[in-house]
Amino acid sequence: MSDVSYIKRPNRPLHVYALSYLAFLYIPVLFLPLFSFNDSIYISFPLKGFTTNWYASMASDEPMHAALINSLKVGAVASVIATLLGILGAKAVTRYKIFGQRTVVSTIMLPLVIPGIVMGVALLILLSRIGINLSLVTITLGHILICVPFSMATLMARFEGLDSSMEEAAADLGDNAWWVFWRVTFPMVFPGILASLLLCFTISFDEFIMAFFLSGTDPTLPIYIYSQLRFPQKLPGVLALGACILVVSFFVVFFSQWLQRQGEFGAAGKGDHA
Amino acid sequence: MTEGTNVALAPADQQGSRTSYLRALFMRSESLRGYALLSPTLAVMLFSMCAPFALMVIMSFWTQIGFKFDTALSVTNYREILDSPIYSALLIRSLKISGACALATVLISYPMAYYVAFHVHRRKLLWIILMTLPFWTSYLLRVFAWKIILGYNGVINSGLKSMGLIEQPLEFLLYSPTAVVITLAHAWAAFAVLPIYVSLEKIDRSLLEAAADLGDGPVLRFLRVTLPLSLPGVMAAMLLIFIPTVGDYVTPALVGGPDGTMIANIIQAQFGKVNNWPMGAALAISMMAIVAVISLAYVWVSRKATEQIG
Amino acid sequence: MNGNDNYIVIDKVAKHFGPVRAVDEVDISVRAGEFFSLLGASGCGKTTLLRMLAGFEAPTSGEIYIDQVATAGVPPHRRPTNMVFQNYAIFPHLNVRRNIAYGLREERLAKDETRRRVDEALELVKLPGLGDRSANELSGGQRQRVALARALIKRPKVLLLDEPLGALDKKLREEMQLELRALQQSLGITFVFVTHDQEEAMTLSDRIAIMSQGKVLQIDTPSKIYNSPVNIEVADFIGQMNFIDAEVLDNKSGRITVNTAGLGKVTVPGKGNAARQGDSSIVAVRPERLFLSAKAPEKKANCVQGTIKTTAYLGDRSHFYVDVEGREKPVAVAAQEAGGNEAQSFELGSKVWISWQDESLLHFARD
């Protein structure tokens, strides 16, 4: 869409700015892995020495393993359910002319703009009044709530890119609604579904604020990390863990975003050339 | 012929004809079918937001007595919020920090978004992913990274010390409102870039070509065409950053210190050590109310401003 | 195939989208084995009507019968119709073979049988051997044929085509038009064809329904529509037409005498016109029914003198725009190259005589 011929002169200062911006964005985060190799409990710049001890010690850290498994469980369930709800919602909004569509979509997107603490506190109050004990389940519920907007946004973009005449053609050729979905809609939307699953999983995996309010005796990984922050000797171990999490998140999210945005860049289906 | 009579009616059965009439009505109403599909999602979301908030509102009118709640409705909590200088000071500080953060974030992100929208022609996808990706990774870890950088023994201090530029570590870096603003700006920058980028990308390039044709140089083209047209995205970004950061709790807890405490920390304490849930609820609602008022005023003002620009 | 059976009956069908009447009480009958076109400008309701036949929209009122069965409440996948979409709707995630075989799923054929039928379909649309191509690698014309094959392989009773040739360039379009016609005649399937291109409709159809703003103006064979348009709108829509203001002088025994602004006093076949003396009306005549001559014709009646204002040379024919007295707009006259007319020798500004026959004129009351 951008007209290449319009701005031909490369803007050097802007280019430098863009690179510095990216540096600003990533470098602070890169200190975590950096210091996870530091041979000392205390931060010091430059590094005192190089060691992989802290990574090795992760292997024997039982509480951390437990927290990791909790996070994986919560993330898996939350991402699947949020994606399912997102599929239904995205299909309904993009394929049918619904009365009050914009209001409905804005309502579903609300959790994006409500501060995490408010959501966490409100849910905490509700659950305690109903009498539900705090546990991984309650955390999962909270995570589903905040993941659905992301799931819907991802899938809405994907559905909108999907020409509805495809589904009509399938129906015309003999498929009922169920078969249309399986044979046409799902294969074409699948990259978006995968992207949504990965994104929601990452969001849930890294989410701290709501988890903090809604957790019972079983911590998720971020909660575990937070609890370790007050102990200086645990610091490098935390850094090692953090570094691992960042690296994995980086790749998972990169893949998910690439999958999702491919559709927006018209990778699916080229135009007509007679 | 009216709508109802055109359904294929089963010959004799009255009951059957009513249900098949309803079913035909359902099949004909696209809106109804759409809502049916939407209902699980909508129901979940509405319930998960409305019920908790309703309860929170109710609880804010209760009072905490020891370990129990006095469920008689009263405005004690709100009165205390209005009377006590602490709460209002914290609230104002939170608003200031968030405002500064939103402004800073938008200012530094705009040129970046502009670069990708106008100057990147190949591998745009890569740039977009790279500039938004940090936002999807652990918020906690990103805030903690700044603790490491700004700390007493942190990167900046030990770096400057080992280079011999300073004797004593700089104390003001960490545990201050400034630290909070910097950290928040860094954490939320990736979130701001996207709306600004989208609104810049949407600008019809032929408008800029027309402006050039009519005599405007690059600076004027930017000021008279690009900037006004990108303003909706900028306004949206500011709001999108402001609202969630007012209620941020992790950043002030890690890098704020006593001077950088924000309202969210007090709210959290009500549900922790202080154990005054109704007060916590009242504080949360007050915070949301003020944020809502400011946001609405902001939206109204920006709408007026964009109407002026046309 | 009995050409008199009304295979598709559209009975007082209307479709409202809120206040907008996309289709406004339309009655159409299509015969079995007919090539029937819905012709009109965009927004006239033709595509909406087609979609109601297919089952993608339900009529707000009225009934549609296909082969005497009411279609109300019948979803698209259970109708004996198949549709070729305007943008072809080729599934990008399937190759050509799988696209074409898509609708055969419910027939549960053996693999060999499917393969045979797909090859047959590919032959039918003149795309032999393209089965293993990916959908993304097809040109526009190829996609169109694949969409056609995909619909025809199911042997529907009715094929619905939504402006299928619109995206093709002129030569390809004309080629496809002839192929479509030949295909329809050899298969004997009822075709309902939507287009805004009047030449296309005239070339292909057994009968045409001209639509405008949700209503049907006329349903007739191409020649009847061309030569006997039922009102000014239809007359104007198809081909070129000269419209001349007139005032009725006399209406006797099937012949109406009018005074025209430009052609003088003329007599028009009445055809049941209820014109009274003093009514203002319109006389219409096709450019090719007017004749040009440099010398005054022998018969004094049915001719008028004028000056050539502009000419347009179109290769196989020429159009001359002749200024006549009493009329601001020049009269359009078409002359074929063949026929030994002195057509080619008319120059700008030269004086000419226009002549015609009574039967060539049409008379319309002013609305």
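First chain written, first letter: the chains are A, B and C, and each begins at residue 1.
Throughout what follows, a contact is a pair of C-beta atoms (placed from the backbone, for glycine too) under 8 Å apart; a residue touches a chain by one contact, two chains touch by 3 or more.
Source: prediction; values computed, not measured.
The chain pair sharing the most C-beta contacts is A-B.
Set against the Cα centre of subunit A, the chain with the most distant centre is C. Between the CA-based centres of subunit A and subunit B the separation comes to 16 Å, rounded to the whole angstrom. Measuring from the averaged C-alpha position of subunit A to that of subunit C gives a distance of 55 Å.
Within subunit B, not a single residue touches two or more of the remaining chains.
The residues of subunit A lying in touch with subunit C in their complex are 163, 165-166, 168-176, 179, 183-184, 187-188, 268-270, 272-274. Every residue of subunit C that touches subunit A in the complex is listed here, in rising order: 54-56, 75-77, 81-83, 85-87, 89, 91-93, 102-103, 105-106, 135-136, 139-141, 143, 150-151, 154, 167-169, 172. Interface residues of subunit B facing subunit A in the complex, by the touch rule stated above, are 30-31, 33-35, 37-38, 40-42, 44-46, 48-49, 51-53, 55-56, 59, 108-109, 111-112, 114-119, 121, 124-125, 128-134, 136-142, 144-146, 148-149, 151, 153-156, 158-159, 162, 186, 189-190, 201, 205-206, 208-209, 239-240, 243-250, 254, 264, 267-268, 271, 277, 280-281, 284, 287-288, 291. Considering their complex, residues 1-4, 6-7, 10-11, 14-15, 17-18, 21-22, 24-26, 28-29, 31-32, 35, 42-46, 85-86, 88-89, 91-93, 95-99, 104, 107-108, 110-119, 121-126, 129, 141, 144-145, 148, 152, 199, 202-203, 205-209, 213, 222, 225-226, 229, 238, 242, 245-246, 249-250, 253-254, 257-258, 261-262, 265 of subunit A touch subunit B.
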